[in-house]
Amino acid sequence: MSGLGTAFGSGAMTNTINELQQMGPNDAIFAIGTNTTECHPIIGIRMLEAHRRGARLIVADPRETELAKHADVYLRHNPGSDVALLNAMMYVILTEGLADEAFIKSRTENFEACRETVLKYSPERVEGITGVPAEKVRQAARLFATAENGATYYTMGITQHTSGVDNVLSVANLAMLTGNLGKPRAGVNPLRGQNNVQGACDMGALPNVYPAYQPVTDPKVREKFEKAWGRKLSDKVGMAISDVLRGIEEGKVRFLYVFGENPMRSDPDVNHVRHCLEKVEFLVVQDIFLTESAAMADVVLPGTTWAEKDGTFSNTERRVQRVRQAVEPRGNARPDWQILRDLIRAMGYPADYSSPEEIFNEIRTVAPSYAGMTYERLEKLGGIHWPCPTEEHPGTPILHVGKFSRGLGRFSAVDWRPPAELPDDEYPLVLTTGRRTAHYHTGTMTRNCWGLDGVAPEEWVEISPEDAADLGIAHGDHVRLTTRRGSVVARAEVTDRVPKGVTFITFHYTESAGNLLTNSALDPVSKTPEYKVCAVRVEKVSA
Amino acid sequence: MIYIDQELCTGCRSCADVCPVDAIVGEFGQPQSVDQELCVMCGQCVQVCSSYASILDEGIAPREQKLAERAMLPSVKEPLFAAYNQGKALKVKEALADPDKYVMVQVAPAVRVAIAEEFGMPLGSLAPGQMAAALRRLGFDRIYSTDFTADLTIMEEGHELIERVTKGGTLPMFTSCCPAWVKYLEQTYPELLPHLSSCKSPQQMAGALFKTYGAKVDKVDPAKVYSVSVMPCTCKDFEANRPEMKASGHQDVDVVITTRELAHLIKDAGIDFASLTEEEYDRPLGLYTGAGTIFGATGGVMEAALRTAYEVITKKPIPELDLEYVRGGEGVRYATVQVGDLELKVCVVSGLKHVAPVLEQVKAGTADFHFMEVMTCPVGCVSGGGQPKALLPKDRICARTARTASTYKHDGELRHRKSHENPDIKKIYKEFLGKPLGEQSHHLLHTTYTPRRRDA
Amino acid sequence: MTASTFVLADPTKCIGCQSCEIACAVAHLGTSITTAGEMEAPFQPRLRVVRTSQVTMPIQCRHCEDAPCANACPVGAIVRQDGVVLVKEEKCIGCKTCVLACPFGAMDVVPALDKGQRVRQPGLKVQTDEGAAPKERYVAHKCDLCIGRPGGPACVEVCLARALVLVKRGTMARSVKSRRTASAMQIARSGVQPAGANR
Amino acid sequence: MCALNAFVVADPNKCIGCKVCEVACAVVHSDVPVKTVGQMTTPIIPRLYLVKTAEVTMPVQCRHCEDAPCANACPVGAITQRDGIIYVDQEACVGCKTCMLACPFGAMEMVPYYRNGERVKQLRLTEETGEGPVLQDAFVASKCDRCIGVEGGPACVANCPKEALRVVRPDELRRTRNLEAALAVLESVKNVIG
């Protein structure tokens, strides 16, 4: 979010998913740090279909994902070496005259600084950092830059690093260098991990902005919201999750309201999270199942599932869509908006919303990018991409056409920095984390689904055949993974999906919670933890 | 003689894999038989055969009948397998029961490292004393050891080698103590027979002495002496029955039984082998040195000969007694030994199937050595066809290793380790034989060989 | 002669999502799974997704014309019915010879279910340190092409990548015919002729 | 879910019919340790049986059926499953032979009962003979126990000179075959696509 905001003026996906269906031989797909076929299977299938129609497919991932298997060029780079890899690709594009000079000249700024930095990163020089043969980097760069349109896709493999913002800036640099913005079948496309995370951000569920990314520090903005809501508002930026946990430790945060989130499984260094949740004076958790976090709460508020809900979801491509209630809520469960409304009322504010649509209409008055959307239009058009400023506006499938949200696209000079924790004698392997198709996040929903849990009932840690042989581990053995934070036991999947020196675990399973292991070191700007790299020791556990 | 029970054989031909002379005849999957003319009676097929008589198989002859066919004692309980050698235990039992017979027994070196296995002791257990005790319980009148005549063999063969090397006899010289090897050479390479040492095997030297010197010592009529031999070997009976083996004026060795058959006799007599206390062998023909006992292992004859030849030629004590370079496992080994001014080159062949290429070299005149030891069985007599038969393939290997180790252990622990230092060897030369290669020796201890080329 | 139809996956399309496994397990479950939460029935799909760095695709029964599983079955529990190779569960003794016989690994032996519930054996007990308890009945388990299911095989229906297809006798015949034609054309065009035919 | 019972099976294309497997089986199941033939005072009583006909040569043994018909047929509960092995409690067996009738493989046999190398006699069962009543020898059901507790696994497998026997773990076998089948499809798809 922070990275793309800096470069383009908007943190959202620039293009749409359906464009994949128009891709052909003149188009290129560059997927970096995204296990698309597993985590976004529908998009993954579209990518493979595009590839079958002739679209070029370049995949960069330390793990040989399903998508990587099909790639024209697969770059298996070391975890945490993304900036070096991307700079090396740009080096090739620059030195081989494949850059889009016209686009750079007319649409961007600060190119020289970026160029100067990139020219330090020849593919040969960074081989030691990335682990990718220089020739492969060259192939990938040429394949991408010579395509008429090149679309870049990424997810947490890019963002969940202490260099997450740098990684995103580099992706943005590459897209601008090749002129791949503001046009179809191109763009920079961060795929959101959850169905409505875009909507939550749009609504200002971030420490520094009001709905529609209007900064809390801007007096004019504050004035607008004070007028709309009839109350005095703070001019201070709020806390990131990591600040909240520190705040609890320091006694500054005494009340915590957790809402559709399971920090006891989703946050890094779970042992530390537990310590904080135990310490906080009053903990309220609102969820649809009694999660590990809810089990620690003073008060649990039962929420509703997707099938019991009404309202809108804003998906990864900024498309606002209606969600309609299918069944009545079970037991004491209530829709989130009702719980929140009653809470606001109890706190003395006269909230009198009677339906989600009423709330949506209020959103339209304060969030300019939603202003032109009505339930009727959403219904009729099957969803609208924001920004949609007026009721006559068709919505904006592609951002930055002709002009970036911030005016000129801004190049950044980005140097590679190593991850916060690297392997050493005590913890000799790299641990990286991610998801599997069958399960979603902390498994709160999916592990309660018979079929989904049926195909993936337990954790299988991926370990390379070489490392397994060194450690005397056979496929199916139980292994213990230990980091400086904690230790979990899981089955070993001996597979060359991971390279030598790298192990992989998910964070779906309570029995072997991956986030007991992960490092809570943060990106200095986005405050995103480095889930994707830490040092680990693996041992066979005798049965 | 070696036979294959047609009722039991499944035709797996595992025996053919170990037969060094391709004497196993038959189609795969069909019962096999032995080409007796080719067969050298090494008994390796007996050792490897795993096709046993099952109690669940109602279509085969009753056990009693099979025991009789094999001339086995009726009291034997052990399972029966398709490949077997015709036994002589019944004859021995008969002789022991005959008051008119003065029964002398010799036991070969390799028997003492294996016999205890048949009584539940670990593979390769060393039990010379218990064996002597058991033989005495069985009623043998004199308990002698082939190890003594092994020492004697060294005296004769060592001098023969020195003479051939120094006076220009046929070289290289071959050892002649393995009867299967001798038969093989007679039938396959008769033109090389002059290379064989003229020395009889230790068994036959003992046989010739039992009914001459031995009878004299005991003051018995040689005609009443019944000479029994206990061997790890299924070919020794063939050797004993060679027509020329009558130097004493009688059949030198009357009957040969195997290690396994001795165990049958001991069990038949109800002797609890494991609880016997150790006893000595009788003198003079039972006292032996380490050099004599290592005849049981491959390279042992060579090592024993070198220990003596070195000292006879150089008149100096040999600096190192354990000649590791001639020891080893299956295959061919070469070594060069500095004996005074002579650079003596030797060759050791363990396992008869490895000998043909070496013999081809000898025939071609390209063999660069003076002296060759050949043992038919894989690692020498300890792995002989008459030894206790391991039930599992891996134990067959373990047994070989353990028996070899015990053989060298025994050598290391004996008071004398060089044949020429055996006091009773010195004595017999003084009292009876004169000197090595002398006239009496020539008559009693040396022999000749017969080509037996099969007509095409 | 009626050649069997079968389901086959295209490894170039499959993304390994295992939706087919879930669809299969659900289709054969006999009870509803629409409510989340605790459910006792074991998860027993009749096809399995292979997922390695070389290949990703589900494997299921080919309904072989000379089904080795059926030919190996000592109790005649595997039969063909309308071209579908089926397990007669009531006859199966769980001997696993069919597992040994199947070259595809398409045969499994799993706990037998009656209305989603496991069934106990009359005699065989499992002896553990905690004592003896009746063993559950196990039966051979394989693809039955969702015989009797209105929408046809559930795996094919659910596959979003369209990686699974029902290969029918007609499909095969057409493909074989077109390959024969192509082969003939190739020989004709390349001028390859038998020796001596050049007159 | 616990794994399916493993079993031993022979490859008729490799088997030469030497019966080493039978001997090895009897050796490891002897309650008196035996190394050499001479140490054996009992007959060789194996738990797998060489079949040798014009068409086939291979030993046959128990499949450790999941629904073991032998066990389900046993009237005294002498056959149970322990650690994935269908196991005969020979002390409990009454020698009724129902298990032999039930087993479709002929893997069950009724054999003389030996303990410490000696035949076990019946408690009271006598046979009327000309010389009066004679106490009878005991017989028991006998079958493959996959060498439970034997170091190095089943003796037949470990000792076969032709490596014709192997332990089949059905789950592993299925996975391996699945993979091979998938690779074969991939190969043919590649060939067709070119």
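Just a few scattered comments:
Every chain is named by a letter (A, B, C and D) in the order it is written, and numbering of its residues begins at 1.
One rule holds for everything that comes next: contacts are C-beta pairs under 8 Å (C-beta built on N, C-alpha and C of every residue); 3 or more make two chains touch, one makes a residue touch a chain.
Nothing here was measured: the structure is a model prediction, and the numbers come from that model.
Mean C-alpha positions place subunit A and subunit D at a centre distance of 57 Å. With centres taken as mean Cα positions, subunit B sits 83 Å from subunit A. Between the Cα centres of subunit B and subunit C there is a gap of 65 Å. For the pair subunit B and subunit D, the distance between C-alpha centroids works out to 41 Å.
Of all residues in subunit C, those touching 2 or more other chains are 12, 52, 56, listed in ascending order. Residue numbers of subunit A whose C-beta contacts span two or more other chains: none are found.
Chain-to-chain contact here is organised linearly: an open path runs through the chains from one end to the other. By the definition of touch given earlier, these chain pairs are in contact: A-C, B-D, C-D. Interface residues of subunit A, counted against subunit C in their complex, comprise 37-38, 41-42, 44-45, 48, 52, 64, 66, 69-70, 305, 437-438, 445, 448-457, 495-497.
On the side of subunit C, the complex with subunit A involves touching residues 12-13, 15-18, 21-22, 25-26, 33, 36-37, 39, 41, 43, 45, 49, 52-53, 56, 160-161.
Within the complex formed with subunit C, the residues of subunit D that make contact are 1, 4-5, 7, 9, 63-69, 71-74, 77, 79-82, 86-87, 104-105, 168, 170, 173-183, 185-186, 189, 193. Looking at the complex, you find that subunit B touches subunit D at residues 10-14, 28-29, 50-52, 54-56, 77-79, 81, 117-120, 123, 260, 263-264, 388-395, 399.
Residues 8-12, 42, 48, 50, 52, 54-57, 59, 74-75, 92-97, 99-100, 102-109, 111, 121-128, 132, 135, 137-139 of subunit C touch subunit D in their complex.
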